[in-house]
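Both complexes shown next keep subunit A, but they swap its partner, so subunit B is in the first and subunit C is in the second.
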Partner chain A sequence: MTAVDTAIDSGVRPSRTRHGARFSEWIALYSMSVLAALVLSAILVEATGGDWRPVVNALLDGSVRHPGRWGETLATAAPLLVVALGTVISSKAGLVNIGQEGQLFVGAAIGTYFGFLIGGPGPINVVLILIIGAAGGGLWAGVAAGLRYWRGVPEVLSTLLLVTVGGQAVAYGLRWEWLLLAPEGSRGNRNQVSEQLATGNRLPRPDLFGNEFPLTVFISVILAAIVAFVLSRTVWGFRLRMLGRNPRAAQRSGVSETRYGATALMLSGAFAGLAGAAMLTGGGFAFGNYQLVPGFSANIGWTGLLVALVAYEKPLAAIPVAVVFAGLRTGSNFVSGTGVESRITDVISGLLVLALLIPAAVMFLRDRRRARAAATERV
Partner chain B sequence: MSNTELGDAGTDETNTSSVPAVRLTGITKRFGAVVACDSVNLALQRGRIHGLLGENGAGKSTLMKMLIGLVLPDSGTIAIDGTTESIHDPLTASALGIGMVHQHFSLVDALTVWENVALGDAGRLDPKATRGRIGEIAEQYGLVIDPDKRVGDLTAGLRQRVEIIKCLRRDPSIVIFDEPTSVLTPEESEQLFESLRHVVAAESRSVVLVSHKLDEVLHATDDITIMRQGKVVDQRRSVDADARTLARAMVGREVSLRSERAALGIHSLDDNGLDDNGLDGNNLDRADLDGIDLEEGATATGHTFETADSDTSNIAPDIGPTAVPVLRIGKAVVHDADGVIALDEFSLEMYPGEIVGVAGVEGNGQRALGDVLSSLLVLSSGTVTVDGAPVPTGKSGAMAKAGIGVIPEDRHDSGLVLDMTVAENLVLVDQSRAASRGLIDQKRLNAFAVEMIEQFSIACSGPNAPMWSVSGGNQQRVVLARELSQEPKILVAAQPTRGLDVGAIEYMSHRLETAAATGVAVLLISSELEEILELSHRIIVMHSGRIVGEMPRAEANFEALGLLMGGAAA
Partner chain C sequence: MADFFSSVYEIFTTETTYSNGALLAGVLAFAATGEWVAERSGTLNISVEGMLLGGAFTAALGYHVTGSVAVGLLTGMVGGMLIAGVQAEMSHRLAADQFVVGLTLNILVFGLTGFLENEIAPDSTLARKFEIPLLSEIPLVGEALFWQRWPFYILYLLIPFSWWLVYRTRWGLELRSVGENPQSADVSGIDVNKRRRQSIYYAGLTCGLGGAFFLFGHVGPFENTIVGGRGFIAIAAVIFGGWTLRGTLAGCVIFAGALSFRISIQLIGYDINSELLQALPFIVTIAGMAIFAHRVRAPAALARPFIRGLR
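Up next is the complex of A and B:
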C-alpha cells in the first residue's frame, strides 16, 4: 500500500529525498505496529490455552488460500472501497462524515423499494437499483448537510446519530408489506425480510479460477480511479481541497462553503448508498443473499470509514487497504474453526485493525506538527 | 522628558506607604533580534491609577505579561512591596496579589455569570457563597450585575464587568487592565473608569491601565508612563500632561527612518528566506524591471509614476471634479462575533490611481474593513459599490470578482492554503487561466507559476513546492503576485510589510506604488505611520470603527495623526 501511496504522491510532493524518507518511514511504522499486534495476539492465544500457529494458518486459509476464498475477499473489499472513496471526498472538503453505516443501509433499502416498485428488464433494473441506492444514501447524508449548513449542527454528530435513525427506519419498513417486507408466501418463516431479487435482476458474478465475485469489484476500482482524477485534476476537486484546507481563503475565492460542502457530504453518502445497493445486487455469502434483512449493512460502513482513514485520504491507496481489511474479515471467519474462543478472535482482528490505523495516525500527527512548525518558523 | 521616577516623587496624601507596590528595575526582554522591553524602570504606587501608554508593539503588553508571570524577563528585578520576587508563572503572581483583566474575554457563553466567576475555583462549587461574593463586589465597586444571567445574553460592557469581577473576587492588591475600553461604548467606558476609582480607593489598591487612547489615559489616571519601541520615553503625572505632548512622545520622531530601523536590526524575527536564497538588492532591481510594464500602464491611465525612493514627494493622481470613484463604501456597519461594533457608519470613496492610507491603532475596525472587502464579513447595513455596481457583502468570491484584490493582514488566514503548492496558491482566486473545460491543465499551471516566480522573484524550490515550505516574505510575494495578476481595480493591502525584512519591505512598497501608477486604487491599511506617510496620497484615520480624520499627505504629520489615532479631536 505504501508503494501506491508514493506513486500517487509523486505529482504533488516536491523533493525526491523527502519522498524516500517518507516511504521508509511508512514501511518501518507498519512493520512495527503489525508485528506488535501479531505478537500480542500470539501471547493472547497461548495464554488462553490455544496454539498460535493454527490461528495464523486459518487466517490465511480463510482470506486467500482456501479454494474460492480470495474471490470472497474481493467481493467484501468492493463495498469497503466504495464507502472509503465517499469518505475521502467528504474528508477533502474538511467534513467528518462518520455515518456511512446508516447511509449504506438506507441507500440499500430505498434501492430495494424502488427496484421492486418499478421493475423492468433485468439489467436495467440492476442499474436502476444502483442509481437509486446511491441517491438514497446521498439524501440521507443530505439530512446531515441540511442540518450543518442551515442550522449549524456539526456533521460529526448528525451523521453518527442518523445511523441509528436510519437503522430503525429500515427495520420499520421491513415490518410492512407495502414497504419492504416480502409477501406472505416468499418470506418463509422469517418476518423481517424483503423479497429476493430475481436471478435476472442480479449483478453478474464472473468466475476466475474457481473464485466467484460480483462485477462490483471492477466497478469499485474504476470508481477509485475516477475519484482520484476528479480530486487531483479538475477545477471542482481543486476548489474542494481549498475548502477543506482553508475555508476562509475558499470563501474569499468564491468557493461557497454551503454549496461545495453540502455536495461533498451528499456525494459521500451517495457512495455509501451505492455500496449498499451493490451489496444487495451483487449478493455473496456475507451480504443477505440478494435480499434486505435487519443488520444487512454488516459493519461495512464502519470498516469502510477505517479504510479511508488508513488510506490517508488517498483514493488509490484505498484499494489495497480495502483488500487487507476484507482479508481480515474473511480470514477471521476461519479462525473460529481452530477451537479458539470467538471472543479471542474478535480481539485479534481488533488488534490487527488497530495496528493498521496507528501508522496513519502517527504520520498525520507528525505531518501536522511539521507543517505547523514550518508555518510558525517562517512567518 | 522627565525621567524622574514617580515612586520617589510620590508625596501625595493618598499614598499609604512610601514603598511602591511594584517596582520594576531594569527589566529587559528580547525575542530574537527584537528588544520588546529595554531596561524598563517602573514604580506603581498604592491608591493610584497608572496609565501605560504606547503604540502597538511598544512593549507595554510584554511588560505586563512579565508582571503576571506569562513571560519571563531576561534581566531585571521585580519587587513587590519592597521585596524582590521571582514571578515565574501566573499562579505565583496570583499568590502575590497581582491580577489582570485581559483585553479578550475568556468567558463561557452558555454559563451564567456566577458560574463563570466560579469557573477557576478549586474544590466544591458553592453557588450561594459565589453569588454572595458577587453581590459584595457589586456593592463595593459599583459593578452591578445579575449573577443568574446567562453570559451569552450580556452586552460587551457587562461581559467585561464579569471579567473584572472574576479578577477582583480574588482580592488582588495590584490590578492590571489591558486595553479595557477597546470593546466598550463611550458610556460603558465612563462607567468603567468610575468603578476603577472605587477599586483604587478601597483598600488602596494599585491599578495599571494599559491603553493607546490618549483621552482616557489623561482623564482616568494619576500617573502616566509612555513606552516606545521597548523603552520608557516619558513618565509624568497626568495633571502635568496634555494630549499633544503625549501623542508626540507616543509616536516619536518626525522623520521616516526605515533604513535606521534596519540598521538597528529591527526587522522580522525569522524571515531569513531572502538572504538564504541569495536574493539581495540587485536581484530585486532586476525583478522590478521584469515586472509590470510601467511605461505602458502609466501612459494608458495618464498618471506619472513615482519611484519608491522619492518618498517625500508623493504626487497624487489628478482627481478632477468629474472623476468617478472606483470604490464607494457607504455607511458600512459591521458587528463582530462578540456583538461589538467594528465598523460604525464607515464611508469611503476611492479613485483610480490613488493610494489611500488607513492609519489607526490596531483593533479600531481595520480588520473588519479588510474582511468586508474579502467577502468574509456581511454588512449589518450600508453598501459597497465597485464602478457604480453594488457588490453583495459576504457572498463568497463576490468582492474578488468585482475586482478587489486583497493582501490580507494575516496571509495564513485567508491569503494562502499552506497545504497546497505554490502553483496552486497562485491560481487560488481564479483557476481559469490554468484550466479548460473544468480540468486543471498542469502544463499551463506550471508555466504560469514559473512566470510568476520569476517576475516576482519568489524564492522556492519550484512551482510544486508546498506553500508551507516557503518563507514568510516569499509567501507574501505569492499573495502579491496572485492579486496583481488578477489585474484588480482596487488593491487592499492590510499590514503588507508586517514581519518582512527591509529588502522585502522596499520591494512591497515599490510594487504598491507601481500598481497605483497603473491605475489601481490602493487601500493601504497599516498601523505603521512611517509606511502610511511614505506611500499614501491621502490619509484617513480610523478610531472605534469610524473615520475620525482625513487629510492629504502634504498636510499630514506624526503629531496630528497621533492625536487622531488616540481619539482626540484634531
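Up next is the complex of A and C:
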C-alpha cells in the first residue's frame, strides 16, 4: 500500500459518492493544484528579488489586454490546436506519437519546397502549400508507421528519434539553393533562410476589433469539431478507439491493426505538417515571417503534444487548453519589460502542465481505492 | 582529395581528437548508463535532457557556494535526483503519462535554469586534470582515457557498478523482471512501480553526475544551452545498444566519435555536412532498430505503464 493510497483512504465513504460531490471534488483538486503551481512560480519570482504582480500584469497585457494581442494569442493557439488534434487521433488508436516537432518542421519544409516549385496564383498556391505540408508531415510519420508495422520498431522510439533527423534534414535543405535556400539577393543577413512567401501567397488575415489573425484560427476550430465528430460518431472512429482500448478484440472483429494504426499515425503526422504549413502561410510575428529558418518549429510541436495530453485526448477540450498555452507564449514577450527574466513563463507553463496532470491521476487512484473498498465491503 | 584524406589521417592520429571524443563520450556514458538501468525496468525516461541540465546547474551552484568540485558533483547528483523524483513520483506513483512528464520536465528545467542563471549567475570552472601514470602513456588513447579531468574516473567505477547492480543482485533481477513482465513480477510480490521509481532515481543520479562532469570537464562556466540535445543522444545510445550495457557504451563512443570528428574536421577547414553528422546518431539508431528488430529485443514492457488489474 502506497502513501497516497493510505492518505486517500481515510474518511472516504465508498460507493455512496454522489455525482455532484464527485464534480466538486474535481473542481477542488484542479483549483488546488493550479493554485499551487502559480504560487510556486510567484515564490520563485519573489525569491530572486522580483515582484510577482507586474509579471502577472505583463502576462495578461501580452496575451489579451494590449491592443492586438489576443489576435496574436489566437494565431499562436491555432497551430498548437492542430498539432494537438493529430495527437488525439494517434493516442485514441493506442499509439504514442511524440515526434510532432519533427513532423511539423518537415511538413512546413516540404510545403515550402513544392509551393515555390509549382507556383500558381495566390489562393491556389496557399491551399497547395497547406495540403502538401500535411502530406509531408504524414510522410514523415509514415516512416515511423512503416518501421512499426513492417519491422516492429516501437513508434515511441522512432518518432522521438526522427525529430532530430527531420530538423537536421531541413537545415540541410536550407543550405542549397536548389532545395530551400533563398537566392543570394533575398537572404538578408542570414545564411540559412528560405525565400519569403509573396504577399499574394499568404493566408488572409481577417481583422476583428483591431485584432488580426490568420484564417488558420477558424480552420483549426473547424478541424477540432470534425475530429471530435469522426472519433465519436463514425464507424471509423469507433474502430480506431477499439484498436486503442483492446487491440486483440479489435483484431478479432476485423479491424486491421496495420491499416488503422498506420493511418492514425500518418494522420497525426499530417496534422502536425498542416500546422507547420499553416504557421508558414499564416505567418505573424511569432512564426518566422513567412519564411523557413532553422528552429522554425519553435517548440510548437512539443507544446501541441502537451496540449493534447493535458486535454485528456478530447478534441474540444483541447481548444481552451491551446489558448491558455498560447497566452503564456505571447504573454512572455511582455514579461521581459518588467525586469524579470522572461523565461519564467517556461517555468510557469511547465509547472502548470504538471499541475493539470495531478487531479486526474489522484482521482483515478481514488476511484480505484473506492472500488476496492466497496468490493471488500460486500464480501 | 588526397589532401583531404591525409588530414583525416592526421585527425585520427592526434591525441587531442581522442581526448575531445572521450570527454563527450564520458558525458553520454554517464547519462546512458542510468538511462539504460531505467529502461531495463520498463520505463522510457525522456527527461534525460532535463536531468543533465539540472545536474549541471546544481553542480555549478554547489561550486559557486563552496568552491569545491567534489561538492559540485554531489549537488549535481542531488539536482539530477530531484528531477528524477518529479518524473518517478508523477509517472510511476500517480500514473501520469511518462512522456508528458518527461517533456514537461525538459522544458521546465530549461526555463528554470535559464531563469536562475540570469538571477544568480553561478560561476564554475574546469576540474583539475589527473594523470594515471604508465597507463596514460598508451599511444593515442592513453591520454584520452587516463589523463583526464578527475571526475571522468568516476565512470570507471560507475559502469562496473551498474552492471553488477543490474545483473548480479536481487534488486537487479527484480528490476529486469519488472521491465519484461510486470504482471508476473507483481504476482510474485515485487512492487512494480517502486522498482521503476528506484530505477529512475538511479538514472537521475547518474545523469546529474553526467551534467556535473560536463560542466567541470568540458564547459567551465554554466550556460543553459550547454546540453543541447545530448540527452536525446544518450537515449539513442541505449536503444542503439539493444538494451545491453556493452552496446550502450559502444553507442556512446561511436556517437561521440562522430560528433567530435565533425568539430575536428571543421577546425582544419573542411565542412563535411554537419547536418548529416548531427543526425547520424539518430539515423544509425533507427536503421539499427529496423535491421536488427527481430534479433535485438527491447524490454517487453518498455514504455508501458503498470497499473494493477489493467492490461
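In this section, the second predicted complex is superposed on the first by the 324 of 379 C-alpha atoms of A that agree within 3 Å, B and C clash if a C-alpha of one lies under 4 Å from a C-alpha of the other, contacts with A are read in each partner's own complex, and residues count from 1 in each chain.
Definition applied: contacts are C-beta pairs under 8 Å (C-beta built on N, C-alpha and C of every residue); 3 or more make two chains touch, one makes a residue touch a chain.
None of the values given here were measured: they were computed from a predicted structure.
Judged by the touch definition given at the top, the superposed model places A:252 against subunit B, while subunit C stays out of reach. In the superposition on chain A, A:215 contacts neither subunit B nor subunit C.
Counting residues of subunit A touched by each partner, subunit B versus subunit C, the larger count belongs to C.
Once chain A of one complex is fitted onto chain A of the other, the partner contacts of A:299 are limited to subunit C, with no touch recorded for subunit B.
In the superposed model, A:156 lies in contact with subunit C only, and not with subunit B. Touch criterion not met for A:34: it reaches neither subunit B nor subunit C.
Legend: residue contacts after superposition of the two complexes on their common chain; A:241 is shown touching subunit B, with no touch to subunit C.
In the three-chain superposition model, subunit A touches subunit B and subunit C at no common residue.
Residues 268, 270-271, 273, 374-376, 396-401, 406, 412-421, 424, 428-431, 435, 438-440, 442, 461-462, 464-466, 468-472, 475, 499 of subunit B are the ones that touch subunit A when the two sit in their complex. Interface residues of subunit A facing subunit C in the complex, by the touch rule stated above, are 2, 4, 44, 48-49, 96, 98, 147, 151-154, 156-158, 160-165, 167-169, 171-172, 175, 299, 302, 305-306, 309-310, 341, 343-347, 349-351, 353-354, 357-358, 360-362, 364-365, 368. Listed in rising order, the residues of subunit C touching subunit A in the complex are 44, 46, 86, 90, 93-97, 99-101, 103-105, 107-108, 110-112, 114-116, 118-120, 193, 229, 232, 235-236, 239, 273, 275-276, 278-279, 282-283, 285-286, 289-290, 293-294, 298, 302-303, 309.
If you check the complex, the residues on subunit A that touch subunit B are 11-15, 233-236, 238-239, 241-242, 245-246, 248-257, 371, 374-375, 377-379.
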